[in-house]
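Structures incoming, each one as C-alpha cells.
There are two complexes below, and they share subunit A, which is joined by subunit B in the first and by subunit C in the second.
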Partner chain A sequence: MPGQPQAAPVKGFFTDTTLCIGCKACEVACKQWNQLPDDGFLFTGMSYDNTAHLGASTWRHVAFIERPAPLHPQNEGAFSWLFSSDVCKHCARAGCLEACPTGAIIRTEFGSVYVQPDVCNGCGYCIVSCPFGVIDRREEDGRAWKCTLCYDRLRADMQPACAKSCPTESIQFGNLEDLRKQARERVEKLHSQGMREAYLYGESAASQPGTEGLHAFFLLVDKPEVYNLPPDPIVPTKTVKDAWTAMAAGALGIALAALGAAFFAHKNGAQS
Partner chain B sequence: MSTVRYKTSPDPVSTDGRDIDRKIAELAGEAADQQASGAAGKHIEKQAGTWTQLPQPHAADPTYYDRPLLNESVWGWAIPTYYYVGGLAGASLALGAALELQHAAKFDRLIRRCHWIGFLGCCVSGALLVYDLGKPQRFLNMLRVFRPTSPMNVGAWILSGTSGASAAAFFFRQAGYAAGLFGMALATYTGVLVSNTAVPLWNASRKVLPVLFAASAVTSAGSLFELFDQDEDEARVTRAFGSVGKLAEIAASVIAEQHASQVARVGRPFQRGFSGFLWRTAAVLTAGSVVMNLLPRPTRGKRLASGILGTVGSLLMRFALEQAGNASARDPRASFHSQREPLAQ
Partner chain C sequence: MGTSFGRGGATDFPGDIVNSDVIVIEGSNMAECHPVAFRWVMKARERGATLIHVDPRFTRTSAVSDIHVPIRAGSDIAFLGGIIRYIIENERYFKDYVVHYTNAPAIINKDFKDTEDLDGLFSGWQKDKGHYQTRTWMYEDVDPEPAGGERESEAAKKGQPIQRQPIQAEHTDLTLQHPRCVFQIVKRHYSRYTPEMVEETCGIPKQLFLKVAETLCRNSGRERTGVFIYAVGWTQHSVGVQYIRAAAIMQLLLGNMGRPGGGVIALRGHASIQGSTDIPTLYNLLPGYLPMPKAKHDKDLETYLKLNQSPSGWWGEYTKYFVSLMKAWYGPAATQQNDWCYNYLPTLTGDHSHMNTVVDMADGTVKGYFVMGENPVAGSMHGALQRKGLRQLDWLVVRDFQLTETADFWREAPEIERGEVKPQDIATEVFFFPAAAHTEKDGSFTNTQRLLQWHHKAIDPPGDARSELDFIFKLGRRLKRLYQYEYADPRNWPIRDLIWDYPTQGPLEEPDAEAVLHEINGYTVHDGKPVEGFTSLKEDGSTACGAWIYSGCYRGGVNMTARRKPHWEQNWVAPEWGWAWPHNRRILYNRASADPQGQPWSERKALVWWDEKKQQWTGHDVPDFIVERPPDYRPGKEARGKDTISGIDPFVMQSDGKGWIFVPTGLQDGPLPTHYEPQESVIQNPLYGQQCNPERMEWMRKDNPYHQPYNDPRFPYLITTYRLTEHHTAGGMSRWLSWLSELQPEMFCEVSPELAKECKLKNGGWATIRTMRGEIEARVLVTNRIPPLRIKGRIIHQIGLPYHWSSKGLIRGDAANELIGFVADPNVSIQESKAFTGMIEPGRKSKGRRHVTSGRLVKKLPGREQDRDLPQARHKPETSHGFKAMETKEGNV
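Take a look at the complex of A and B:
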C-alpha cells in the first residue's frame, strides 16, 4: 500500500482468558501510562465489573462472567468464573480505519491501527463502523480515542503497558506470527488437559474472514457472546458494494422522476 | 477543566479525572491532551443505564449482562436533519436540470427556485455537518484526503461539488446540468453512509436505504415546492414529481423493513418503541400527502396540505431511521443473531 511505513514485523496481543484472574492491573497500567482521565465512577451491579465497556478513556476492560456451568479445573459444581481483558483488536481489515474520512486513522509500521489526535475532527463515523464497539468519542474532548497498542512504547522498544503489568501472562505481546504459534500450542495443551472447550477467537483470516484476522486475538472457553464479542464480525466495507449499487439505482430513479415530471407537465400544459 | 472532589473532606482535591500531581509529573502520555472535565463520563453512564430487571443468564442465547456490544452513534439532531436538507437540495437541482432540458420559458421561475433551494440547501447542509463535529474548527480535514472506502469522505467531496455547481448555476445556466448530476449523488450517498456501518439495522437494509433516501429526497423537494405560490404549469410539475417520490418512499420503507426483519431481532426497532412509532407516523403522513396529490380537482388547500404532510413525513422518516439504528446498536442480540443466522442469499 502506498504511504505505508516500511513494515517491521507485525506486533499484536494474544489474550489467554484461561490465565486471567481479573486483577485489572492492565486497566490501571493503561490508564497510568497513557494518562487517561477517569470516566466516572459507576456502580454497575455486574459482578466485579464497574468499568462496563471500552470507550474513549478506557482502552482495556476486564469482563467478569459468573457462569452457571461447570468448568474444569474450577471445583465449584455448576458454577465457574470467566475473566477476559478486552481491547481494540487492531483488525487486519479495520472498520474504523476504512471509514475515517479525514485519514486520521492510520496503519502503523507495527501493523497496529492508530488514531492521530491532531487530525481527527470528531465526525464520529469510526464509532458506528467498528464491529466490536471499541472506539468512542469523549464528549468534552470531541475526538475519537482508542488503544494505540502503546505506539510510544513500541517506538522505544518496550512492550505495551498492559502486557508488561499482567501478573499471569494472560496478556502476551509479541510478533503476531510467534503469538499465533504459541496460541495454537496452548490450545492443544489445554485440550490434552481436559479443557476441551478452549479455542482461538480471531487468530487468523481463515477463522474470522469478516475482519481478515485480528492482531489482538483471544483464547476463549465459551461462545464469544458470553464475553460480549461478536460471533462473526464483518467489516462494513466488505458488503458496501450492495449499497453503492442501490445508490446508482436511486440516482437513476431521481433522474427518471425529474425528467418524467418535466416532460409530462410540458406536454400537458399550456403552450408557451 | 476540572471539578472538585471530596468536597466535604478536610482536603478537597481539584481534578480533571487524571489525579496527576502536575508539580511532580508531566503530561506526556498518548492521551495527555484528551480534554476531560473530571465529571462522570456521561456516555458510559448512558450506555450502562439502569436495570429494570436482573438479566438472566441464557445459555442458548447469551449476552454480557444484556449490555450493548456496539458503541451507539454520537450523532445528534443535526445529522438526520442534514439527510433531509441534503436530499431536498439534491432532488431540487436534479429537477432544475430536467426542466432546463425542456427549453420552455414557462419553467424559468421554477428552475430559478430549484437553483436557490439547491444552493441554500448546500449552505445549510454544510453548517449542520460542521455543527455536529466534535472539533468543528477542523472541518476542512474532511478534504485532506480522497478515500473511496469512506462514504463520508466521498460525500464531503460530493457536497463541495454540488455547492460549487449550484452557485455557478446563478451565473451560467449550463452549470445547472452539472449541479443536477451532483445533486443526484448528494441525495443518495447518505444512504450508503448509514449502510456502511456495523449498526445491524442499517447494515441489513443496505440494499434499500439509498433508494429510500432517493425517494425521500424527491418527496422533500416536491413537498416544499407545493408550499410556494405556483402557477398551473409549475403545480403540475411538482405534483407529478412529488407523488412519484412519495409512492416510492412508502414502497421503499416497506421493503427496508422487510430486509431488516429477515432477522427478527434486527428489524424490531422498526416495529417497537419510539423509533417504531416515528417510523409508522412518517409513513402515514407521507401516505396522507400523496392522497392529497391524487384527489381529483387540485386546489390550493389540497396543495398546501400535501406539502406540509410530505415535508413532515420525510423529515420524520430520517429521524425514525436514526433512532431505529441506535436502538439496534444498543441491542447486543441484534448483532449476535444477525451473525449467527447468516441470510440464505
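Take a look at the complex of A and C:
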C-alpha cells in the first residue's frame, strides 16, 4: 500500500574521524534541514568547539581535541588535533526506546530510533536511559528531541543532510552491513599505513555488548573518553534482568531469613 | 602568475589534485576556507600523496597533513628560495623541461646587477624617482613584451616607438653554463638561502626544511608531479606577488607546470573572485585583461594598440579583442573612422586602487562611493581610516543582504560609541539597497579553476531586493534617459551611444542574464550569431565580444556554463561540467605535459600529445596550444604574432613562449623574488641591508602611522590575520545567521601557552591588542597550535586574529582590521595584512582614545623609518610610490 512503511535494510552512519576536517558542515546542514534553533552564543575556550555537546537542538556535534601527542604516521611533532562528528548512535538496543512509557520512541523500518514529537509527553525517562547522553529535552516545549536519521529524507530516498554535506566523506551513510565491511577494510588499510591506533567503536554487538552494537559507529584513533564517549556503555534495561534477579534473590533471602527467624523463635518459644 | 606563465589564473582545477604525488599548501588554510575543494586533497592523500602544510599556525589543514611546517609570518620567500637553492645545488631540476620550456637558457643584459651585488637592490634603481628603471633586466639585445603585469607602461617608460623583433633562439645557452644566463643568475641569487639561513629567517628547523625539500624533489620528474596551493596568505604582503613568483620558479624547475597533478593553484577568496578580475571590477583593466588606457601616454588608439600589441605570442591578436570589445559596447557607433570610439573610454590619471580611493575620500577628493558585495569597514584594512573616508563623502550607495557596518557607519561605530563623532555632524547621504541572494537570480560564478558555472534563479527575491545585474541595468537606463537630450556636448556621447538594450523578463522586468552571456561570448555583428571562440574574432569590426577570454562559453547558442554532466559519466578532466576559460582548457600550458617531440613525459602523467597520424594535438584535455602546430615547427625570422610560437613553446601567451623563471619585464620590484621583511617586522633582514621591498607602497600620513621597521619595543609581537570556516569574510553572510554565529560566537585571539604566561593572559578571558592604528579587545584562546619560534636563540611569539567580527549582527566583536595600516605590494596594490607587529595585554580595552583618527595612541619614538631602505633608496619624491595618493589628487601623472 502506498505510504505504508516497508521493511528496508537497516541503515546507519559510519563516521571515519580520520577523514574529518572539522568544518562543521554536518552541524549546520542538520540544523537547516531540521530547522533547529541555535544553542546560544557562548565562547567556551575549548578549542574550536562552541556548541559543546549534543542536545535537544544540536543533533550533530563536532568535537575538537588538541592532543600533546603525535598522530602516526604524521610528522614527528608532538602535537595533533582530532575532530570527530558525534551523533545519536541509533543503538541496536536503545535505552531511550525501552524507557519510553508512552510509545513515542519507536524503531523505524530503517532500523533507526525515532521520537514522535506528537506523542512525546516530556516525561524525560529516555534522557536518563541513554548511556551516551544524546537525547535531551528542549526548554521551550518540554519534549525530548534527537537525531531522526533524517527519517523524512530517507522516506524520500535521500541520504541524511549531514552525510550529504560532508565534503570529505568522513560521514558515510548506507546499509549497516556494507558500512561495517567498509569500516573493517578501512581500519586494515590505516594499520598498514602506520596508523596503528585506528579502531572501530561500537560497530558490532560483540565489540559493544552493552548496546548490542551501534547503527551509527565510529573509527577512532584514541581512547573513547578522549572523544567524550563512554568506554563501556550499557543500556540500563540490559541490567534489569540482573537487577530483578538480584532483587528476587534478596527477597528470597529476606523471606528465608524471616522464616528462619520465625522458626528459630518458634523453636525457642517451644523450648521456653 | 601572469608574468611567469602568461595568464593570471590558477593553472589547474581542484579535481586534478587527486593526481598529485605531493601537495604543498602554503599561504592558505584550505581545509577551513575551501572545504569543498579540499575533498580532492583528502582523496589524493588516500591515494598516497604526501600533504605538506606551511603555516604559522597548526590549523585544520595541518591536522590532516603529513607534515606541518611552522613558519614566521612574512618569511616565505626565504623558505621557498631555500628550496630553489636545494633543487639547483643538488641538481634535482627536470633538465629537459627546464632547457626547452623555460627561459633558464636566456642570456640577460650585461649591465644586470643582482641583489647579491647591491645588498638587496637590483640594478636600475633611480634615486631621484624612487623606482626601478628595468632596462638592465632584459634579455640580451632583445626587449621581451610581458604577458602580464605592467605591459604597456613598460613600453611607454622607454619613451620610444615600439618596434621590436620577435624573440629568436639566439642569445640563449642550452647548456645553462653561460655566467649571464638565467639559470646561473638564479643559482647565484639564491646561493645564500641555505638551510641554516632558512632556520635563522623563518624559524624552521634545518632538519624539517630538508625533509620538505627532499619530499618535493623526490615527487617530481617524468613519473611524478606536485602542486602548490596558495591563497591570500601569500598575496597580502608588501612583496606578495613575489611569493607567488617563487612558487612559479620552483614549479618550472621541477617541471610541474601544465601536467596532471601539477601547477600552481590560486584559491580565490569567495565566489566569483576569479570572475571579478576576468571581467574586472579592477580600476586598471578592461574585460579580458586588456589594460585601461592611461592619460599619460595612450594619446590615441594607434599609440594604445602599439603599446599593447606584442609582435610575438598570443598578444599579437590584441587588436581583434579590443575592437570586438568596442563593438560590443558601442555597436554601430563604433567605426574604423572614429577609432572604434576609443576616445569614449576614460583614461587613467593615476593609481585608483582601493587604498588610494579611501585616502582620496578622507581628503575630500572622491565624493561618491558604490559598495556592492563588500563590507570595507569590517573587511578591509584600517577600519578607522575607512570610516574617516566615508564621513567625508557626499553620497554612499551600499547594496547588501544586511545593513552592514559600512552602511551604518554613521550610526554605529567605535568613534561614535566613544562620542568623538556625532551622527548629526556627518553629511554623507547613504542609500541602502537590499540585494538578492544567488538563489534569487540567474547568472554565473567564475571560481578558482577559471570555471564558469551557471546558477538558475529558484525564487524571486523578497521585497525590494534585486540582483546587481538588475540594479546596474536599470541605473544605466536611467542615465541614458538623462543624457538623451544632451547631444551637443561630446562628453555625453559615451553614455548616449552605449548599447544598453538587454531584453527583460518576469514581473520584476529583470534583464535576461543569458543575453549578457551571449554578448560576453561574442557574435558576428550582421546576424548576431554567437562566435565559436576568440579565434573567430576580427579586427575589422565584423565581430563583437564582451570579454575575449570567455569567448566560446555560449557557442552555438548553447549555455555551456550550465552543463552539469557528472564527472563519473565522462573522462577525469570532466570537460562537460560548466565551461572554463580559455577555450574550455582545464589544465593550462598542457603542451608541457608532453616532451619536445610531443609524446607524454610518462604514461602515468599523460595529458595531451601530438598525434602523428592526424597531424594534431589531442588528449584528455583541450590542448592549450595551436592544435595543428607540429612539435618540430620553428618560426622564421620574418614570423609575426601567432606564427612566432614554435612547436616547443607551451606558454603561448608569453612573447617567447617560455615559462619565465626570470621576469625581465612586467614587474615593478625585481625580476627574481628576494626576501624582504614586512613593513613592520620583529627582526632585521638577515640577508640584505635593504630591509623592506624598496618598491612597496606606503602612505605617509598622520592617520596611517607605522611602527619601527624591527625590534619596536612598544610592539614586540608578530600578528597575523585569517578566516575561520564558520564565518564568511567580513561577516555579512554569517554574523546575521544563528547557525553559523553559534559555532564561533566571539572575536578571539590565539596565543601560545608561553605567550599567555609572559603576558598574563587567561584562556577564555579578555585581552587587548594594540597597534598605532587602533586598539581592539578579544577573548583569549590559549593553544599549542600557534607555537613560538626560535630564531637565533630568540623566542618569536606570534598572535593569531580572525577578522570576521565588527559592531553589528547577531554576534558582535571588534574588527581585527582596525589594527592594520595602509601598506601594499607595488604590482597589485594589495595590502599587507598577514604580517605586522603589535602589543597584547590582559583585560578589556581602555575606555580612552582608541583610534589613530582620534589622536596618537602611543608615545612617539625617535623615527627609524629610514632603516627600511638602503641610503640610496631612502628618498622618495612625492610623486613616487609612498605618496601615490598625491598622484591622483594633483593630477600630475
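In this text, the second predicted complex is superposed on the first by the 232 of 272 C-alpha atoms of A that agree within 3 Å, B and C clash if a C-alpha of one lies under 4 Å from a C-alpha of the other, contacts with A are read in each partner's own complex, and residues count from 1 in each chain.
We adopt the following convention: a residue touches a chain if its C-beta (ideal position, glycine included) is under 8 Å from a C-beta of that chain, and two chains touch if they have at least 3 such contacts.
All values reported here derive from a predicted model rather than from experimental measurement.
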Query raised in the report: So, A:233: does it touch subunit B (first), subunit C (second), both, or neither?
Result: first
Query raised in the report: First (subunit B), second (subunit C), both or neither: which does A:41 touch?
Result: both
Query raised in the report: Is A:21 touching the first partner subunit B, the second partner subunit C, both, or neither of them?
Result: second
**Report entry** Touching partner for A:68 - first (subunit B), second (subunit C), both, neither
**Finding:** both
Report task. In the overlay, answer first, second, both or neither for which of subunit B and subunit C A:250 touches. Result -> first
Query raised in the report: Can A:129 be said to touch subunit B (first), subunit C (second), both, or neither?
Result: first
Report task. Check the contacts made with subunit A and report whether subunit B or subunit C touches more of its residues. Result -> B
Report summary line: So the subunit A residues that subunit B and subunit C both touch are 37-42, 44-45, 47, 68
Query raised in the report: Residues of subunit A touching subunit B in their complex?
Result: 33-42, 44-47, 49, 52-53, 55-58, 63, 65, 67-69, 95, 98-104, 117, 119-125, 127-145, 148, 150-152, 222-223, 225-234, 236-237, 239-240, 242-247, 249-251, 253-255, 257-266, 268-270, 272
Query raised in the report: subunit A touches which residues of subunit B in the complex?
Result: 1, 16-20, 27-45, 47-48, 51, 57, 59, 61-65, 67-75, 90-91, 94-95, 97-99, 101-102, 104-107, 132-136, 138-139, 141-142, 144-145, 147, 149-153, 155-156, 180, 183-185, 187-189, 191-193, 195-199, 202-203, 206-215, 217-218, 232-233, 236-238, 240-241, 244-245, 248, 325, 329, 332, 335-336, 339-340, 342
Report summary line: Residue positions on subunit A within touch of subunit C in the complex are 19, 21-25, 27-28, 31-32, 37-45, 47-48, 50-51, 66, 68, 73-75, 77, 79-83, 167-169
Query raised in the report: Across the complex, what residues on subunit C touch subunit A?
Result: 31-32, 35-36, 38-39, 42, 58, 60-68, 208, 211, 724-726, 738-746, 748, 763-764, 779-781, 783-785, 810-811
